[in-house]
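Both of the next two complexes hold subunit A, though its partner changes from subunit B to subunit C.
Entry: the complex of A and B
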């Protein structure tokens, strides 16, 4: 039963992380930008849901309102900062987004205060197997919403004009430009969509966990890891690696103790990278 | 050439004059005793930093309006120079250095949090500047042999051992089984050491001992273990984030445990944020307004809470109360030393033995206050969902009876 519980906990957690990583993979793939401010966008999205909750609106509506606002925040950031670094060295974009991250943290601290806050959804609990497995409905809700948003995005990317333009730009931005794609617009939309996904995730985090102006970095790191493990441009891989890492984390916590939880995930990351390198070098030998 | 030299020497003379005059009148300016403090007004500790500053300010205002400090037959008033340490230990140490060597401050008040106090203490010690601090409880502050550090609060290892003692007592004197989850920071790990001591003393067994990473806000795995192993007491300490996360997930996962003890409940505004879900949680607190200690400046805790609420429009958390008490200690020490000599004031501080609205204050060799026990309050809610914190231990100050064991979720 513990195995089932740990698996389900891990999957529910992983799906949420995968949603954040999904946004990161998208803009990394399209714009070649590693967004250090990813986690801060998540937290800002969380605050939007929290403020709705404070004014008596159910925080679940945050998953609709928050991405809407965050899309424009994302486009704003793109127009102000990112468009100046988009074709530059990766290092420059890391520095720029790191700066945005610090700015966001301080602004959120200034505007919302340094208290840890949360929004209560009032959702109950689901008991499975005679109460041996317990799942908070808020976590199930987050997982379902994350999956719905992810599926919608995949369809949108496949079917819509903008989606195709985004994919074309990701494959070869120069060729896309020559063929008449307004890459500037595509970049802005991509960053906006990423921010909107962060908004959804943030609203879900305010319902399931807690938010605080300085809590963004762990989400950035986690999504970074998920993208690294899955590989760029591999969206189903992002979903799988998100859930896989979630489950792995829960088991590590249960077997080794909570203090080894984060450490074990990093260890796994190192092992995967070493394994990949090993595989690559073998391929090279084969080619010789 | 000659004119240049004259101008240069004039400027340097002026510079020397200004710098020496700053130093010479900084400690006592006219009728003012200038204290220095680095406080977290921005950054992650800014909420509690503001509570600390409000506590200091209220006490300064009260002492000044009630006759000030009498030294050598003259009456002086308190004044505080504040700098914002941005919740950053390195910045705090720099600011302490600046307060002492540039602003000439000779008496310091502490910052907020153990981490920042740890950063400042070596600086004040180096310059022999007495510091009365009210918000650094980590045990390691008091084992370093600091001579100029005095803390009005009880050390971190005493925060929750009352809970274990109470649990054993309620178990008919028999040992209990303890589950604990502590964040990996100086303060929470000291609270953990206190629990280990209490467990050893009472022969109790620790069956779960989890260390929570700082960046984690999910305790589900720990709580699954708690559900499986059914301990008698669950102890959680991880600042406000830990308290909020624990209550949320215990309620969501319907974890039944006879006793739940934690820290930082009032800083987390537990009953406001979680309402009835926080009911029955036992919380360690340095102070509660219903305690019956008294002094002539603030009267009782209730009176203090009223005055504080009137001025700052919120109920005082214990962080504010202990900060106010630090000023009362300084006043008392100055008057007994009857001097502004740092060494004499330090000796007077070491000999402090007084009662304030916040509690009795008497310092041990290491500088910690040994005359003030921690109190435990329990969150109690009425049918309408309104929750209140009521002191339940030690029995001497209890304003309500401890509800034990906590009713099962299925019966609530």
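Entry: the complex of A and C
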């Protein structure tokens, strides 16, 4: 029964990870930037929902409100910092976003305090298999909401004008520029959409799990891992590997103990990268 | 060359005399030495080799834990020591303390080197940002995992043996200062020797184009691993000294402190100018003075300041102090400038 419990928990958790990873894949693909501050955007989105809860509004509304606020936060970050590092060395972008991450971490620590908080949604729990498997309804709610958001976004990217411009820029930014796409605007919008996705995920996390100012980095690493396992632009892959990661984490939690949970995530990242390196090195290489 | 020798002699004499000239700043000076070691060794990867590592903190933390564990474990049961925490049931005699420290430092330097050699083959095959993220993951994973191991104190930390009561009040600061200063001198001599051989050219070739370097018949992997092992050796040594100096080891806040030391070493090297011998040294000194001078004003806000500082340096000052000087006074760096060429360049602009 514990196996079923862990699997279900892991899958519901993994859907959330996949949502964050989708945002990361989007901006990585379009702007070629790895955003270390991704996890901190998630946590910030979570705090928005938490504050709505504190002021007596049901935190589920945070799913609507926080992406709007986070969109503008994302565009602001882009205008201030990211647009200066887009065309530069990748390491510069990693370091710059690492700086943003530290900045956000500490500002959130000042603004909201260093306590572990959660927004209580009061959704109750569902019992399956004669009460052997316990699923909080909030987890199911969060998984459903993230799937809905992901589907909406995919349709938006396929159909709308901005979506087409974003995909064109991802394929070839220079050609897109020549054909009249304002790439600067596209970049800003991409980063904003990424931040908005983080906002949704954060609001859901604040309902389902707990949030804390310093919890951002693991979310960044998870989404990075999901993206490299799935590959850029492979949406079903992102969903699958997100769920796989969720299940892995739940099992690591049961087997190794909670104190090694984050450590095992980071170790898994190292192992995946090393495996990928050996797999790639078997390919025939040639000089470009 | 003669001028250089005089310069080094002056620096050496000044370094030896520093704790007696500025007795109040001994601890700060030893931390400065450690920071310089970290920046200079980071520069082997980040500056010369083009492999931007966030993971050298792994060797630093490893050295810290190893040195303290050996120092305690040589004479007393390690588990009971960490169990008793702050209340000391065991006391090192002076002889035991120094013996333990000597053996501990050797272990702290050698084991990370071996670790670097072992993991080097798999990790250094990664390129670019994959390497950066992978090493970032390594550092954090090490911190999280060491925070769960009981025998080295787990979450509550590990108190290193206190300095024995010999040689008066000033002895502790002087001892650790000279430890770190000699480690720094050793590191500087080694790195200077390395940089004056073909090895540096190979590292630069790897940075500029690794595939072509390999095609030219250089065994790039061998040299990358050697470079990483040199870094690991000195990072471990610095960590061991720093552990004794701080007196208390915590897994995520002192040893595997990716948020402070792990970023500092990258930042210092970039601030000074990566890929130069003196850049990281200047960068570390400037950074340390800035940090100590302003941290007290920013009390509580220091991480905010750090975040802003990283963003500003990385975006507006990526060449560093040495790069800026080089642009301003190219003649000093032995670059010959053709007047006609420069005029043509100016006209083009």
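Definition applied: the second predicted complex is superposed on the first by the 252 of 288 C-alpha atoms of A that agree within 3 Å, B and C clash if a C-alpha of one lies under 4 Å from a C-alpha of the other, contacts with A are read in each partner's own complex, and residues count from 1 in each chain.
Definition applied: a residue touches a chain if its C-beta (ideal position, glycine included) is under 8 Å from a C-beta of that chain, and two chains touch if they have at least 3 such contacts.
None of the values given here were measured: they were computed from a predicted structure.
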item	value
Which of subunit B and subunit C A:94 touches, first, second, both or neither	second
Partner chain in contact with A:5 - subunit B first, subunit C second, else both or neither	first
Touched partner set for A:217, first subunit B, second subunit C, both or neither	both
Subunit B versus subunit C as contact partner of A:175, first or second or both or neither	neither
First, second, both or neither for A:106, with subunit B first and subunit C second	both
Which of subunit B and subunit C A:270 touches, first, second, both or neither	second
Which superposed partner A:155 touches (first subunit B, second subunit C, both, neither)	neither
Touching partner for A:259 - first (subunit B), second (subunit C), both, neither	both
First, second, both or neither for A:114, with subunit B first and subunit C second	first
Set intersection of subunit A contacts, subunit C complex versus subunit B complex	106, 110, 217, 257, 259, 262
Subunit C residues touching subunit A - in the complex, by the definition given at the top	52, 122-123, 125-126, 128-130, 132-134, 136-138, 140-141, 143-145, 147-148, 154-155, 211-212, 215, 259, 263, 266, 270, 300-301, 303-304, 306-311, 314-315, 318
Subunit C partner contacts - residues on subunit A that touch it in the complex	34, 81, 84-85, 88, 90-92, 94-96, 98-107, 110, 217, 221, 224, 228, 257, 259-260, 262-263, 266-267, 269-270, 273-274, 276-278, 281, 285, 287-288
Residue ranges of subunit A in contact with subunit B within the complex	2, 5-6, 9, 13, 106, 109-110, 113-118, 120, 125, 127, 134, 136, 138-139, 209-210, 212-215, 217-218, 250, 253-254, 257-259, 261-262
Residues of subunit B touching subunit A in the complex	42-47, 87, 181, 184, 209-213, 215-222, 224-225, 227-228, 239-241, 244-245, 248-249, 252-254, 268-269, 273-275
